[in-house]
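Consider the two complexes below, in which subunit A is the common component and subunit B and subunit C are the respective partners.
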Partner chain A sequence: MDPVIFLIQVLNGVQYGLLLFLVASGLTLIFGILGIINLAHGSFYMVGAYLAFSLTERLGSFWLALAAGVVLAVLLGMALEWLVMRFLYQRDHLYQVLLTYGLILIFEELRSLVWGDDVHGVQVPQLLDFSIPLTDTLSYQVYRLAMSAICLAIAAGMYWLIQKTRLGMMIRAGSFNRDMAQSLGIDIALLYRAVFALGVALAALAGMLAAPVSSVFPGMGNQVLIISFVVVVIGGIGSVKGAFVAAILIGLADTFGKVLVPQIAAMVVYLLMAAVLLWRPQGIFGRA
Partner chain B sequence: MDRQARSLQLLLLAGLLALAAFPLVGEKFYIQFITKVMVMAMFAMSLDLLVGYTGLVSLGHALPFGLAAYALMLVTPETQAAGIWWSLAASLGIAAAASLVVGLLVLRTSGIYFIMVTLAFGQMAYYYVHDSSHLGGSDGKYIYVRPALELLGWKPFDLENSTHFYYFALALMVFVYATLRVLLASPFGRVLAGIKENEHRMRMLGFATFRYKLACFVLAGMLAGLAGWLAAAHDGLVNPEMLSWHQSGQLLMMVILGGMGTPAGPIVGAVALKALELVFQGWTKHWQLLLGAFIVLSVLFVPRGLTQLFAWRRRG
Partner chain C sequence: MTINDQRTSRRRFLQGAGGLALSASPLALPFAFAQPAPLKVGLMLPYTGTYASLGNAITNAFKLYVAEKGGKLAGRDIEYVVLDDESEPAKAVDNANRIVNRDKVDVLVGTVHSGVQAGMVKVVRESGVLSIIPNAGFGAATGQLCAPNIFRTSFSNWQTIHALGKVMWEKGHKTCAWITHKYAAGEEMFGGFRQGYEKVGGKIVKDLWLPFPNVEFQALLTEIAAAKPDAVACFFAGGAAVKFVKDYDAAGLKAKIPLYGNGFLTDGTLQAQGASAQGILTTLHYADSLEIPKDKEFRLNYAKAYKLQPDVYAVQGYDAAQLLDIGLKAVKGDVKAAKAMFAAMEGVTIDSPRGKWKMSRAHNPIQDSYLRQVVGEQNKYVSVAWKALEDPAPGCRMLA
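Up next, the complex of A and B:
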């Protein structure tokens, strides 16, 4: 393979992987701490993309839309946690699957009512709307690089939040032993709401960042959701570090799968998952 | 419990009689509608074997269902009927083989992992079919002629006739129901119940629980395959949506709505959900909004399923 093309594919793979990490890290935190399997997580990604579309038009700036969108996503997350999620903590996974599946149907139809069923596009912000030429014919979009940089910054921020702050300490305590954390004076109800809202905000942010490069279309959430599940399974449930490694792995596997084995490209990531299951059923960083 | 069990049996018998008598008075639309509901009921019963009786929450049960449907499409010649036995063997064979391979992988996991991994493999099959042009791609393919049974030139029934098809589906549904009853009362079924209760204990008692779970997974896959074969034969059409995770999700809804791990639960659930869909679709184009709200509310307020409404004596 030509080295320039190879470089472009690597950059694309890493960028896709980093985007997946934003979605999957929220998913894995919600699993790990709240003990909830949340099928509606992909819907938050979709909501984010549609918010980017609407708000960019309204506010006239992609960056303002990004900020406003994150605030709205946090509010949505807190409201959902208060309305339905908190009734699921003590229930069997089966009911969590079912309820969050119901939420998907609701989000999809609300999307159809508010935004319709058309495919939309979002303009790449002007500041970043140019490409770096690599050869005479090939170039690389700067926005994609910026996306990767933003995702990396968020990943670093999450590491800092979980490992170095007081909130992170509470999160780790809550995931380790809910009852013990509570009896030590940590407000578990509040902590759970914060973690859920964080997860929603991360997924929505991923959707907003993706909006200018992919288009904004119905059903975009489901696709991301299932790949994120694969990421979580490979990385190990509850492990943010695992989600990071697995997301990059999946991003690269998917990108190179499309180039090298186009006939079975859609299956490559699942085959990777099957291999990991054979080798380590609890995921790369999962606790046995 | 005795009174409850007897009243349930009476209810089932009454339901069976009503179903048997329906084509005498019903319109063609409803005969076909109920045929579809019975196919879904069979499909739901097969999932209940996994979810309700063995404690394996699969979100990828559309996989054997859809593959069996596609198998019928592949063995049916363009303008001729496929033989019932031959096409059934092909459909059940592919459902069993796929379930065996998937089962060997997914049964290495449990809990949340199991849910996600079954979903992921289901999606893999969906994308494979969706991207394969020889299988019709995203549009799917038509099956122009329904399978036929011929014994030395004699045709006992003709599936092209919707009333005949109705009774054929009814007979198969009763067959699946009876098979599951016998199976679950057998020692094999008792082991499955034990695994659901406490797998660790069963292993300590000397049962090779993995093999039991795998056998159960393959069997449930074959029953789902039977439903898939029937659905494809009835609709005369296969498409990737048969493999989609919405299929699996709605199926799970049927099982839980009816009351999982109860004999009649999946049937009640299939009838209730299909009827609800029909009503909602009559009201609005955005009927999935109502369905979603219904699912959310029923999980919050009717946690043990509709059959609990019939149970006037609560268990412990």
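Up next, the complex of A and C:
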């Protein structure tokens, strides 16, 4: 492979990986801290993309839509936590799977009622709607680079939030021992609601950022759901750092899988998962 | 006019099961028919999921034709048995069995998804019931698995893209790259394209495949840029088509390496694709602004009835009803005279909104393939890319 092309492919892989991280980070937070297997995570991604579509049209600006969308996603997350999720913390995983699967069906049906079954597109914001030439035939869309930058900023922000702030300390405490944290005066109910809302907002934000380069279509959430679970499992359940490393690994594996071994491209990511789990069953950064 | 909608969805089925438990007496069936029972038309189509809009367009147009005929075909009332196949191949055989053997439909119309069609073909080949395919391009349905009772009013996958190679060659593209999803339909499309393109002397320098339904195209776009072919031919539909066309443009490839495809690339997706799709040339058996009186009339009536513009899927559904009408008329509505009915449908010429087409001996349309160009939000008719294109129907025993 030509070295320039190789570098471009690395860029492709990292860029895809960063977007995966954004979706998967919310999933791993909810899974790791609340202990909930949230199958509806992909639906939040889809809701985000559809919100970007509607709000960009209404507000006339993608960035305003992004801000309004995040606020709406946080509200949606809090409402859902209050309505259903809080009854699941003490329950078996089976109940969680059943309920969140039910949520997928509800969100799909609502999507169909509100937005219909057509495919939609979202305009790339004008400020970033140009490409930088990389070779004589290929250019790179600046929006994609900006998207990666935003994902990196969010990764850094999450690291800071969880490791360096008081809220992060409470979140970590709550994930280690719920009862102990509570008896130390931490309002667990409120904390859990905040974490769930954060998870929903991350998924929706990923959907909104992806909307201009992806398209907005029915069932789009289910496609990212599976790969997000792969990221979470490879990285180690509940580890945001793990999700970051795993997402980049998967981005690269997917990209080079398609180029080098197209016959088995669909399997490459899962082979990677199998290999990692054989080596470390708890995931790269998972707690044993 | 007695048109009864009897939608057998999961929900209804559960309600029905509940009702059945309450009145489980076999004597609770007070009715007897004084006159010939209505003709049972089974509509097994997707009404939920990605292809829901296609299923609805086919259903609408089918019912439009029946309504134009006063609600009757060959003097018989029509009763619809509607079943949502969810485009779910795993449920295809069960669903087809239910509608054919339990509901005992007189004719089965369906479906959209090729994988589901494969299951339906298996069931109708065994039962012998008249089956009209209003979309799925699954080649074997009118090829290796062709049967006297299976007819298609849409296309074979091969047929949608075979003319494209010739078009590209005439535009001066001596080499090209091919890209699509790796699944059965993608491979059939590739076969149809390659045959046409290589026959006129074109060379496919690279064929690229990505797992279905993955839509991360960047890696393969980079490969295309490195290979520098004269042009790119592809097959994508729906959400994947929107994303591919936009990504292709954003990668700066569109201006340097022209993109071609069959019509699914730009059908029902133009609003979402926006500027990225402008100027793209595609081939298909239908187009916007065809100068055909029948098409104008159909578009007007459809728009009046449903407050929607019809598309290629609606045309195929309309023709399914036309074909059924012709078969029924030949036997005065008596579907038991199957042999005579099938004979009347074979070789018949259908006056379709897409232009007149003839039913081949393998029971697939012999139809013109149009070259279309994206202008605004229309796939505008450019020229006839291939007059009366007939699917070769490899392996079909009815040709012997």
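In this text, the second predicted complex is superposed on the first by the 288 of 288 C-alpha atoms of A that agree within 3 Å, B and C clash if a C-alpha of one lies under 4 Å from a C-alpha of the other, contacts with A are read in each partner's own complex, and residues count from 1 in each chain.
Operating definition for what follows: a residue touches a chain if its C-beta (ideal position, glycine included) is under 8 Å from a C-beta of that chain, and two chains touch if they have at least 3 such contacts.
Remember, predicted model here, so these are calculated numbers, not experimental data.
When both complexes are overlaid on subunit A, subunit B and subunit C end up clashing with each other. When both complexes are overlaid on chain A, the residue A:Phe229 reaches subunit B alone and has no touch with subunit C. When the two complexes are overlaid on their common chain A, residue A:Gln90 makes contact with neither subunit B nor subunit C. Touch criterion met: A:Ala266 reaches subunit B and subunit C at once.
Of the two partner chains placed by superposition, only subunit C is touched by A:Met220; subunit B is not. When the two complexes are overlaid on their common chain A, residue A:Gln126 makes contact with neither subunit B nor subunit C.
Once chain A of one complex is fitted onto chain A of the other, the partner contacts of A:Asn12 are limited to subunit C, with no touch recorded for subunit B.
Shared-chain residue A:Asp2: touches subunit C; no touch with subunit B.
Within the three-chain overlay, subunit B meets subunit C in a clash at only one of the listed stretches 135-143, 153-161, 207-215 or 261-269, and that stretch is 135-143. Common to the subunit B and subunit C interfaces on subunit A are residues 112, 265-266. Note for the complex: subunit C touches subunit A at residues 48-50, 52-53, 182, 208-211, 213-216, 218-223, 225-226, 228, 238-239, 242-243, 246-247, 250-253, 256-257, 268-269, 271-274.
On subunit A, the positions that touch subunit C within their shared complex are 2, 5, 8-9, 12-13, 15-16, 112, 116-121, 123-124, 131, 133, 135, 137-141, 143-144, 213-220, 223, 254-256, 258-259, 262, 265-266. Contact residues on subunit A toward subunit B in their complex (touch as defined above): 31, 37, 39, 84, 87, 91, 93-95, 97-99, 101-106, 108-110, 112-113, 222, 226, 229-230, 232-233, 237, 264-267, 270-271, 273-274, 277-278, 281-283.
The part of subunit B that touches subunit A in the complex is made up of residues 51, 57, 59, 105-106, 108-109, 111-113, 115-117, 119-121, 123-124, 127-128, 130-131, 245, 249, 252-253, 256, 260, 286, 288-289, 291-296, 299-300, 303.
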